[in-house]
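Okay, got some structures for you below.
Next, two complexes with chain A in common: one pairs it with chain B, the other with chain C.
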Partner chain A sequence: MRTPPANGPDSPGIPPLALRRMLAASRRQFVTAAVLLFTLVAVSIANPAFLSGQNLRDLLVQSAPVVIVGCGMTLVILIGEIDISVGSLLGLLAALMGVLASPQRLGLPIPLVIAGVLVAGAAIGLLNGLLVTRGRVPSIIATLGMLTVLRGVTELVMGGEWITNLPPSLRWFGTGSSLGFPFSLWVAAAVAMAIFALARFAPLGIRILAIGGNPDAAAIARISVPRTKLLVFALVGLLTGVAAVIAVPQQSVIESGIGAGFELVVVTAVVVGGTSIRGGYGGVVGTILAALLLGSIRTTLVFLDLGESAVYWERAIQGAFILVAVLADHLASRPGPDDSLAGARA
Partner chain B sequence: MKLASRLALAAAVALAACNLALAQTSPATPPPSKKTVICLLPKKKGLPYFTTCAKGAEEAARELGNVELIYDGPTDGSPEKAASMVDRWTLRGVDVIAVSPNDPQVLGQAMKKAREKGIHVITWDADAAPEAREFMVNQATAKDIGYALVDAMAKDIGGEQPEGEVAIITATLTAANQNEWMRFMNERLAKYPKLSLVATKPSNEDQRLAFQIAQDLMKAHPRLKGIFGISSVAFPGAAEAVKQAGKSGSVLVTGLATPNDMKSYVHDGTVKSVVLWNTIDLGYLTVQTGAALASGKLKPGQTTLDAGRLGTKQIEKDQVLLGDILVFTKDNIDKFDF
Partner chain C sequence: MTGRDRAARVHFGVLAGLALILFGFAAWLEPSFIAPATQRDLSLHAFELALLALPMTCIIVSGGIDLSVGSICALAAVVMGLLHEAGAPIWAACIAAIGAGAVTGALNGAFIAALRVHPLIVTLATMAAFRGLAEGLSRARPISGFPPEFTRLGEGYSLGLPIPILALAIISLAAGLALSRTSWGCWMYAIGSNERGARYAGLPVDRIKIALYACSGTAAALAGIVFAARRNTAKADIGSGLELEVITAVVLGGTSIFGGRGSIAGTLLGVLIIHETRELVSWHWHHDELILLVTGTILVASVLLNNLASRRAD
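Take a look at the complex of A and B:
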C-alpha cells in the first residue's frame, strides 16, 4: 500500500493505468501475506514442530539478509531500474571482511573492518549508479557486467583460499543476541523501518516514485533524475554491506561462493511482494512478506519430508513465484485505449 | 542511434567482464622445458581439503625434480569450467592430467579427448568412467570409508546397541564418491539395527546450505541423534548448526573434513570423530603416479608402485591405493596440521 504523490504541487496527475497498477500492487501484498500464512498453517498442521520458536527464529535469521537488501532493491525497482550485481557484491564484501579481519591476513580492529565493508559496499553501489546515469548503460546490462566483474575480483581478493579463523568478536555480529533476539533481526528490523519511512514520508521517497512513474514528467517537475538514481544505487550497495556484516560471520568459514544466486532471491522478493518491475508502484512491506515466504520454502520442503531431491525444488518454486508475479503485474497493467503514453514508456 | 551506441557500450562492458573472469582463472604460461608437465585438477580450488592435497603434490614435484606441476581448478566447483581447463591443457599438449571429477559425465568427454591426443589421464580423489582414464589414485576404498563413517557414529553415540535417528548431508546427489560411500554406509547400518536413517539431503558443496539443512533436519526430526556430513563442506556446516542450536553432545556430527577445519568443534564436543585420510599424501601419491606413468615406469597390469617417501603402494586392477583411513579425535587431532 502506498500513498500516491498525486497531491504534491509538482507531481503529475495519476492516469487510470497507474491507479490500476497501484491497486494491483496493494492487492498483491495481501495475496503474498495470504500465501505466506497458508504455507505456515498448512506445514504446521503437517508437522507441528514447524511452529516452534526455534524454527521461526531460524527462518527470520535466514531471511534477514534478503529483507535488508530487498528494502534497497525495492527502491531501485521503484525508480525504474534494477541491480542484479548484489549477489557478487555480497561475495566480494564477505571476502573483504575476511581479509581485513582475519589475524592471518590484515587483522584490523573490528570497527574498522565493519566501516571498511560498509564504505566499499556504498562505493560500488555508487559506481553502478554512475554507469547507469553518466555512462547511460541500461541498468540490467551494467549490473550484469558488475555481477561478473565483482565475482572475478572476489577470487583475486581471496587468493584462491578460504578464510578461516574469524575473530570471535566478528562472529558475534552473525551469531550474537541482544535483549533476547538475534542481533541480525534487530538490524533487519531497523533497516526495514528506516526504508519504509523513507519511501513513504521523506521527499526522497516521493521523488523515487515520481521518477519511476514517469521520468520525463519528473524531470519537467525539476526533480534531478540522475542524482536520485545515484543515491538509490549507493543505498542498495550500502545495505548489501549491512547484510554482509550480519550474514557472513554466521559461518566459521568465508568461501568465494558466498552470495551466488542471492540477487535472484532479492529481485524475486521485490517482485513477488507486489512492486511493479516497470517501476512506479509497490513498497517495502510486500518485499518483507515475500522474503519470508521465499525463505520458508526450503524449510517447508524438509519438514514435509518429500524425499532427498526435494531441496532442489526450492529454486523451481522460487522461479514459479516470479513468473506468476510478473504475469500478474503484466495483466493488471495491460494498456487500455487511453494509456498509450504510459504504455510506450514501458 | 542512441540505442545502438548504448548497446555497443553495454556489450563492451559485458565482454570486458568476461575477459577479466577468464584471465584470472587461466594459469600462467610456463616457459618451454623438457620437464614432465603434470596438471592437477581439484573439484573446487580453494577448499582446504584440496589445498592440502596440492601441498603434497608440490612436495612430490620438488622431490622428483624433473616435474613441473600445474595446480588449477574452478573456484566455484563448476564441472563445465573444469572441463574447459582440461581442454586447454590438451591443446597445450601437457604430459599428464590428473582429474578429480565433480561430474564424471561432463569431465569424461574432455578426458577422453585428452587421451586421444596421447596425454596420460588419471583420476584422483574421485573417479570417472574406466575408459576415460588409465589409473585412479584412490584414497581408500568406498567400502572402507562408508564403514568407517558408520562405525564412528555408532561409537560416538555409544552403548552396546547404539540407538537413534541419523541423517546424511551429502555433496550433490550426482557426486559419484558420496553415492558410493552411502551405498556402503547403508550396508554397514544393517549391523546397528537400532540406528535408523531418516533423511539424506544434498548441500551442493555450499556450507551455508549445509548449515541451514542441518538446522531444518534437527527441527523436523526432534529425535535426531546424529548427522553425517560426508563432504568437507557439509561437515563444518552441519557442526556449526548443531553448535549454534546448543545441541553439542546431544546431536553428534561426524563426517569427512580436514582436521584443521574441525579442531574447534572437536574441542568443544560438537564432534567426537573426524574421518579422513592423509590428504597431503594423496596429492603426493597422485604426482608420483603421474610421473611414473609419463616415464614409462608404470604400466597397466602392475600390482605395486614405488612411491617415494610413501614406500611401495599396492595397485588393485587400475586403482592405486593410498591405504589407511585416519580417525581424528580430541586425543590426536592436534598432532595433525593440514
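Take a look at the complex of A and C:
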C-alpha cells in the first residue's frame, strides 16, 4: 500500500517496500557496528590491556567458526529456510576428523583427512537440502531431526572415549600462523569475502534473495527453487566442514560434546546482524559484525574486572542483546501494513 | 471429510500402529520391561516432556513456537532453590518460582504480540537470557538440601500411581478439552491457519498469544521444580535441550509446524512413542546414543510418510 509520489518522479515520495527493507537491513548493520565499536572503546578505556594484539587475536580466532558458518547460515535464512543441525554436524565432523587422522584409528594423510571432512560436511548439507526440497519436510523439522541423529552418530563413533593424539601437522590448521596472522583468520576472511561477493554480485545471490522474498514469484521467473535451495544447504554443510578444519585442531582433545549449542550462536549472529528470519532481506556484513560482537562479550566481562562471577552472566547478556536489537528495530520503524499482519511462518 | 482431516487420521493411525508395534517388540525382547510396575516407575521420566508438550501443542497450533521452555525450567528451579536457601519455606519458594515462570512466559508473549516479532527470534533470545539469568543468579553451582516432604513431590505415590503422573493426567485432560471443546481452542486453530483473518474477525489474538506463552512458562516452571525435587538438586543446566525434545514429540504427534493443525491426543501419542523408545533402548542396549539416533529418525520419517500419505489423499 504505497502512495505514489506527489509531484512527479523526482519528488521524495515514500520509497518502495523493497528499498525500505534494504535500508532497514543496512541500518541494523550500522547499529550492530556502532554497538561493537562502543563496546570495544569502552572496554579499552576501562582496561587498556584489552587492546593488546594477543587479546584481539584470541577474540578473532574464537569468533572465526561463527563467522564462517554464519556466512552460510545467512544465505539459508535469506532463502527463507533454517538449518539448526550445524552444531551437531560440527560435532560429527570433529569425530570424523579424529577417527581419520589419529594414528590409533585410521591415520590417513592430512590432505585426505581434510578432503574427507569437507566432503562429508557438504554431503550431509545436501541430505538436509534433499529432505527439504524432495521430501517437502519443513527445514526446521528436517534439521531438528538431523540435529538429533547426527549427535547420536557422533556418540556412537566416539564410543564415550576421547581422541587425544592428533598429528602436529593437523594441529597446525588450528594453531599455526602464516604471514603473521593465525591461519584460521585467513580462512575466515576468505570465506567472508567469497560469500559477500556471492550474495551481492553473483546471479546465485540474486536468486537467493528472490526466492526468500517470494518463492512463487521466483518460480514464475524461471528460477529453479529446489536446485538453489539444495545448493545453499550443501554450501552451509561445506562451510561447517571448513569451520571444523580450523576450529577442532585448536584443542588437543576431541570429545563428543563439540558443537553443542553452536547452531543457536550462529542463528543469533545472523538475526542480530539484521537478516530477516522470514527471508528476503539481510546480508553477510551484519552477520560478521554480530558474530564479533557476541564473541567479545565474554572477553569484555573478563577485562572489565567485575569479579569472578561476572562470566556467568554471559548468556544473559547475549539474550538481552537480541531483545534490544529487536526492540530498537521496532521503535525505529513502524512496520508496513504488509509486515504487521503477516502470519508466523518459520 | 476433507483431505486434511483424512491426512490427520491417517497420521494418527500410523502413530498408533507404531506404538503397538513398539509395545509388541518390547514384550518379545524384554518381557520384564512392559510389566506394569516397571512402566509405572519409568513413567516418571516422561513427566517433564509430556507436561511441556501440552502448551507447546497449543502454541504451535496457533502458529508460534517456544524455544525458551528448557531455560525457564532451569530459572524456576534456581529461583526456588535460592529462596529456600535464603530461608523461605519450601512451598512459598515453589509458588514464587511458578510465578516467575508465568511472568517470564508472559514476557515472551508480550514481545511476540505487542512488537509482532517472530516467535522463533523472541524465544531464541529469551532461551539464552533466561538460562543466563539462572547461571548468573546461582553462579552455576548446584543447590540442594531440600526437605523430604518436597522431594516426595518428585517420586511419591498416591492411588498407586506416581504423584506427577496423576497431575499430568488431569492437566492433559484439561488441555485436550480446552483445545478441542472451547472457543479459545477454536481461536487457536483460527490464528494458526490465518492470523490476518483472525484479526479481521475480531478475535483477541494478542491476548490469546500472551496467555498461551504464560501457560507455557508456568508449565515449564512446574516441570523444573518437579525435576529438582526428583534429583534433590536445583542447577542452572536443568532442561538443556528439552525444548527440542518437546517440539519433536509435538511434531511427531501430527501437529503442523506451520500452525492450524494438531491435537493433544496426537501429542500424547508422540510423547508415548518417544518415551517408550528411549526407555526401551536404555533398558536393553544401555546405549544412550542410540536413543538420539532413533528419535531423530522417527521424527523425520514420520513427517516424510505423512507427506506421502497426504499427497495420495489429495
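Here is the rule we use: the second predicted complex is superposed on the first by the 305 of 346 C-alpha atoms of A that agree within 3 Å, B and C clash if a C-alpha of one lies under 4 Å from a C-alpha of the other, contacts with A are read in each partner's own complex, and residues count from 1 in each chain.
As a working rule, a contact is a pair of C-beta atoms (placed from the backbone, for glycine too) under 8 Å apart; a residue touches a chain by one contact, two chains touch by 3 or more.
Since the structure is predicted, the reported quantities are computational estimates derived from the model, not experimental observations.
Contact with chain C, but none with chain B, is seen for A:R278 once the two complexes are overlaid on the shared chain. Of the two partner chains placed around the shared chain by superposition, chain B is the only one that A:Q62 touches, whereas chain C remains out of contact.
Contacts of A:G145 after superposition on the shared chain: both chain B and chain C are touched. With both structures placed on the common chain, the touch criterion links A:R136 to chain B and to chain C. Within the superposed three-chain model, A:A316 lies in touch with chain C and out of touch with chain B [touch as defined at top]. Look at A:L327: by the touch rule set out above, it reaches chain C but stays clear of chain B. When the two complexes are overlaid on their common chain A, residue A:L264 makes contact with chain C while staying clear of chain B. Once the two complexes are overlaid on the shared chain, A:E155 sits against chain B and chain C alike. Put simply, chain A uses residues 131, 135-138, 141-142, 144-149, 151-152, 155-156, 309, 312 to touch chain B in one complex and chain C in the other.
The touching residues of chain B, when paired with chain A in their complex, are 6, 9-10, 13-14, 16-18, 20-21, 24-25, 45-48, 51, 75-77, 173, 199-202, 206-209, 211-213, 215-217, 219-220, 222, 236-237, 240, 244-245, 260-261, 264.
Considering their complex, residues 63-65, 111, 115-122, 124-133, 135-136, 139-140, 194-196, 199, 244, 247-248, 251, 257-259, 287-297, 299-300, 303-304, 307 of chain C touch chain A. Of all the residues in chain A, the ones that touch chain B in their complex are 47, 49-50, 52, 54-55, 58, 62, 131, 135-138, 141-142, 144-149, 151-152, 155-156, 158, 160-162, 164, 175, 250-253, 255-258, 260, 298-299, 302-303, 305, 308-309, 311-312. The touching residues of chain A, when paired with chain C in their complex, are 82, 131, 135-138, 140-142, 144-156, 264, 267-268, 271, 277-278, 309, 312-323, 326-327, 330, 335, 339-346.
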